[in-house]
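Down below are the structures I want you to see.
What follows is chain A paired twice: with chain B in the first complex and chain C in the second.
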Partner chain A sequence: MAQRIAALPLRDRIGSITSGTLAWIYAALLLVPFYYFIVSSFKTNEQIFESPLALPATWDLSNFATAIQQAELGLAVANSALTTVAALVLTLLLALPASFALARATGRAGKIVESVFALGFLIPSFAALFPTFLLAAALGLFHTRTFVVFLLPATALPLSIVILTSFMRTIPRELEEAASMDGASSLQVLRQVYLPICIPGIATVLLLNFLSFWNAYLYPLILIGPDTAQRTIQVALPTLKVDAGTDYGVLMAGTLFTLLPVYLVYTVLQRQMQRALLSGAVKG
Partner chain B sequence: MTALVEAGPDAAVRPALPGGPAGPRRGSLRDRFPGLALPALVWYAVFMIGPVVAMFVIAFLSWPGMLETPEPTGLGNFARVFADETFWAAVANSAIQIVVGLPVMIVLAFLLAFYVVQKPRGHRVLRYLLFIPALISAPATAMVFYAMLNPDGLVNGVLRPLGSEGTAWLADPGTALGAIIAVELWSGIGYSAVLIASRLDGVDVEIVQAARIDGAGDWRLAWRMYWPIARDFIGVVAMLQFLSMLFNSAQSVLLLTQGGPGTSTTTLAYLIYQKAFVEADLGYSQAVGVILFVIGLLGMGTIHRLLRATH
Partner chain C sequence: MTQGISRRTLLGAALSGGLITPFLAGCGALVPASSGPRSISVHTQLSGAVAGAQVFSDVVADYQRRSGRTVALLKNGSDLPIVFETSTLAGKAADVAVVNMMGRTLSWTGAGATIPVTDLLDEWDLRDKILPQAIKEWTDDEGRLRAFPFTRTNWPVSFNTGLLEEAGVEIPTTSDELIAVADALRSKGIGPVTVGGSDWSGQKMFLQIIQGFITEDEARTVFSTGKLSESAGALAGVEHFVELRDAGVFVDNVQGYTSDSELTQFNTRKAAIVPAMSSALALVPAERAKEVTVGGWPKPSSGGVLAHPSVIKSYNGHGIWISENGREKLDLIKPFVQNLYTERVTDEFILGSGRDMNRVTDTVSKDFPLVAQGSRLTDDDVTPVMLPDLLIPDSVFEPMVKVTAMAYGSASAERIVDSFEKAYDAA
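So, the complex of A and B:
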């Protein structure tokens, strides 16, 4: 490697050095905050301020206990889990039949419906947060998890449908025609022929939406509100930050706590998760 | 929102999707009309399209508080918006954020992707690390940066031995916007790099080897070969990050600075939030929403024009 580089013109040598250096500097910049907040979650404010990068003197879990108790993080995790799972189920219930229909549709109507979903990314849903809030109030669901469970699938439909439709297009029509000939209804064809083949696509959609639902912040903040019995983990976490006198150790312990479920899933399903995150942009 | 934004590339790459592989053919009504798509369509119309339509209506109403009765005001809200210094401060902040932040993010992400694709030692570790920011929620990212950037935080702790006196990065008007942009770069570069790398992975190895034998070095390979090949795809990633910066910045601003000090970190997206939920000036807020929508379209058009495929 070194010899090959030495033979290159100066500009290229700089090029290869810079992109490599950049890469590892960025990797360090990704890791240092992690290291910092993990060690900080075992320290007191004084220890954090005096020696930010030192390992903690003791691996004392009291910050975690304080964080969980102070922001009622246990309850918040339960709320997040409930909201996320319900929204994921609803997303699949809506997106699977829709993708199935769109993959088989041959007429103009199908194309129009499909482009409505494909253009969904243009909708600045954050800008329309206030009308969404009015909708929640009009449905009598303001300050409930229920409304967020209804809303999140809508935000995820465009991408979910685009991914699942392209998956279902790969299934040969003959398979379906054979099933129809045996007298199977549309829904039976969907369940018995399409679903088993689409499992990887469904996994991708589930993982992608798991991340975006679990991590959702502004919608739950405005629509569920601060009620500790209903609020999600993402809304609960920032309440550990106080204008005067934040206990940084507790704040970092709380942050670590909220990240655990995501990292658990990432560690177990690393390949699938990476593929899901990529397919969000790469499918086209 | 992530999901919405991520739908972008598909739509951008494939605006009109082909019907069936067999083309138009005779079928039952059920085949021609995708009835099973109706529930999803209705759901989407009620929860996504409805609020956006309402946004366009409210932008033309005078509605100075939740308990007031809204009245039509024509272009009144827009007149107020354009006469407001805070709005122009927000335009400037959003402009800086995008004009500075976006090119830096895309160029660095491209160089990173290029490096990873060459499979240097440790590239697997690198790929694993690059995904990290994509997994972390906005509140968690914001809390970590809040801890690092406070006057007694890590950044000052590292700089102090070098003779710098403590800066309150998030509370100093000179550095607050920069800090917000840094947070977005931190979380955006990795994911963009991973996306771009997935496209660069598809570049034919033999062409690259042939170019190397001809004496092309890394710098030239990156900019003369990989960049043109991946150009349109990089455009898609740029659009994705553009929309995310434009709209999602509201979250990091809300969590870290609440638009302050003064108006130094008030971005357009945050202004919409602030006017609606803090000051209850609803017509104003939604008028800015409409403006942001138009800016989003214009920006997408510009990026598409700048980075469209040349071949």
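So, the complex of A and C:
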């Protein structure tokens, strides 16, 4: 690598070193807080404030145990998983056929429907809270996970459909025509031709929506409510914060615990998402 | 193209998701507990890391075991009032709420979100069990008892005598002594008084200092109208605050601290003095508590109205509110509330969590020495001053906090008074 840089003209070498340095600085900007966050979850308040960047004296997991016990995080994680997975499944079940139809549509109606989906971006989520609350109450689904499972896909559909439609448009028509000539129905074309090729796009939609659903706070707070049997992780976590005397080690441990599923999902899906980004599926 | 995740994997994941949903929904722990016909639901702020949360959970669990009745615990932190209010709008409010009397909750009784419990106090044989001062404080202007007063709060001042000793000084009892102590501490690189300058804890301190120059009656007028400029005592109080601030009594950058960071600073020996409520004192680690003495805020050296250092004494804390839904279940709520006011439960709260309670009791905390010290302070040691929260209109509360945050900066006394009054005028 060093030899390769040395062989470059001076201006390119300076550019290469500068960009490399900036990349490392950027990485450090991300890594230092993350490091602080992890080590703090093994410390007491005193250790956090006395020596914020030092390694913990012991890798004791008691802060994690306290956080899980005090905020009942185990139950909350199960609720978040239940809500998030159900909402993701519903999102895909709705977005895939819709995107398939929009990608194949050539007339004006298809463009109008696509624009209608895009209009969803214009609605600020906070502005929709009160009407959504009224709807939940009118349907008798207030303080249930069911309503949020239906609501989250509705909020995610505009972006999901834009991503998947763009991705499906890159698939050559000839593939579909060949399958049709072999007698494949529309559903078979979707399942056997489009879906396998769209895996990176689907992974992108899954990842983006997972992050959004898992981290949702305001809607689950109001709509699912405070019942520990139903509340999600983001509603449970703030109970570790008190007005005076917060144990930051416990709070950090609880937060880290809630991030583990995010990390796992990101690890599984990131390669597919990068592939989708590189193939230009999510541009524009 | 399908490297990494195969179609089979993806479909498997989707199928698993579909299957796991009803499975998880069937788990007993995930079924809403508040849905039973003979159960009551209790929406509590005594949850999570709050002092007394575990004791409350244990008490409720024990009640369920002994009575055979179901109590669904719904838990929130500081976001409880807004969740309770939206639940009320949907007709799904919990039967009972255990929450502080401040801000939004002050309007609950008047708005019909909760019912007055004035008559229930005698019907349920609770009047003699609750401190009369607490009943008075929890009764609104129309004579309605908003809720059963449960926990209460004192706001003594904690002094780290270890740090004071390092600086060669003793606990100050007058403002001149406080300024001298601050100088000595600063010369040793120790922060003097820490307080949450940017939030309500700084506001309490500011209002406590003003009360060093006004009587209780004057304080009622001043804090309900906001007219500082019409009270010579209040003006003197603001000038006294500025004098202390400019003398370096508060730690540097105090206007940026919160109620949380003030206690952290104190617990980590960054500052020697902190005014903190008794529930927060229960969270001071035992190692730190060993070197702490609890007292009052030093009285003005001249011109004040206090006989001793001051302590905010309040019967405000968590109350037991009954919602409109709860009105239909009073027969179920009665034994639950009566159980909370038994001596046994009161002792569990005092001894197990260091909470100050509104129930008449002689029990004093043992494992929470600072709370015990605070509750032992008598009128010979300190002069109680009021917690003005109930007098300050709800809409003024937040603007006032902004003004007091500014006061901890570098604003002049005139500017503080002007901004304070404007906060009331704009509300």
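The criterion applied here is as follows: the second predicted complex is superposed on the first by the 226 of 284 C-alpha atoms of A that agree within 3 Å, B and C clash if a C-alpha of one lies under 4 Å from a C-alpha of the other, contacts with A are read in each partner's own complex, and residues count from 1 in each chain.
Methods note: a contact is a pair of C-beta atoms (placed from the backbone, for glycine too) under 8 Å apart; a residue touches a chain by one contact, two chains touch by 3 or more.
This structure is a prediction, so every number in the text was calculated from the model and none was measured.
Applying the stated contact rule after C-alpha superposition, one finds that A:Leu208 touches chain B and leaves chain C untouched.
Contact with chain B, but none with chain C, is seen for A:Pro158 once the two complexes are overlaid on the shared chain. By the document's definition of touching, of the two partners only chain C reaches A:Phe142; chain B does not. For chain A, the partner that touches more of its residues is B, with chain B and chain C as the two candidates. Touch criterion met: A:Thr228 reaches chain C, while chain B stays clear of it. By the document's definition of touching, neither partner reaches A:Ser180: not chain B, not chain C.
After overlaying the two complexes on the shared chain, residue contacts for A:Phe49 are found with chain B and with chain C alike. Once the two complexes are laid over each other on the shared chain, residue contacts for A:Val262 go to chain B alone; chain C is not touched. Touching of chain A by both chain B and chain C, each in its own complex, is seen for residues 45, 49, 222, 235, 238, 240-241, 246, 248, 251. Only residues 45-46, 49-50, 70-72, 75, 78-79, 81-82, 85-86, 88-89, 92, 133, 136-137, 142-145, 195-197, 199-200, 202-203, 221-222, 225-231, 235-236, 238-248, 250-251, 268-269, 271-272, 275 of chain A touch chain C when the two sit together in their complex. Contact residues on chain B toward chain A in their complex (touch as defined above): 1-17, 19-25, 27, 30-37, 39-41, 43-44, 46-52, 54-55, 58, 108, 111-112, 114-116, 120, 125-140, 142-148, 150, 152-154, 157-158, 186, 189-191, 194-195, 198-199, 215-220, 222, 236-237, 240, 243, 247-248, 250-251, 254-255, 269, 272-273, 276-277, 282, 285-286, 288-290, 292-293, 296-297, 300. Contacts from chain A toward chain B in the complex involve residues 8-9, 11-16, 18-20, 22-24, 26-27, 29-34, 36-37, 40, 45, 48-49, 51-53, 94-95, 97-98, 100-102, 104-107, 109-111, 113-132, 134-135, 150-151, 153-162, 165, 169, 173, 186, 190, 208-209, 211-212, 214-218, 222, 234-235, 237-238, 240-241, 246, 248, 251-252, 254-255, 258-259, 262-263, 266, 270, 273-274, 277-278, 280-284. In the complex of the two chains, the chain C residues touching chain A come out as 1-2, 4-5, 7, 10, 14, 17-18, 20-21, 24-25, 27, 29-34, 43, 47-51, 53-54, 72-80, 82-83, 86-87, 89-92, 196, 201, 259-260, 262-265, 267-268, 270, 276-277, 279-280, 283-285.
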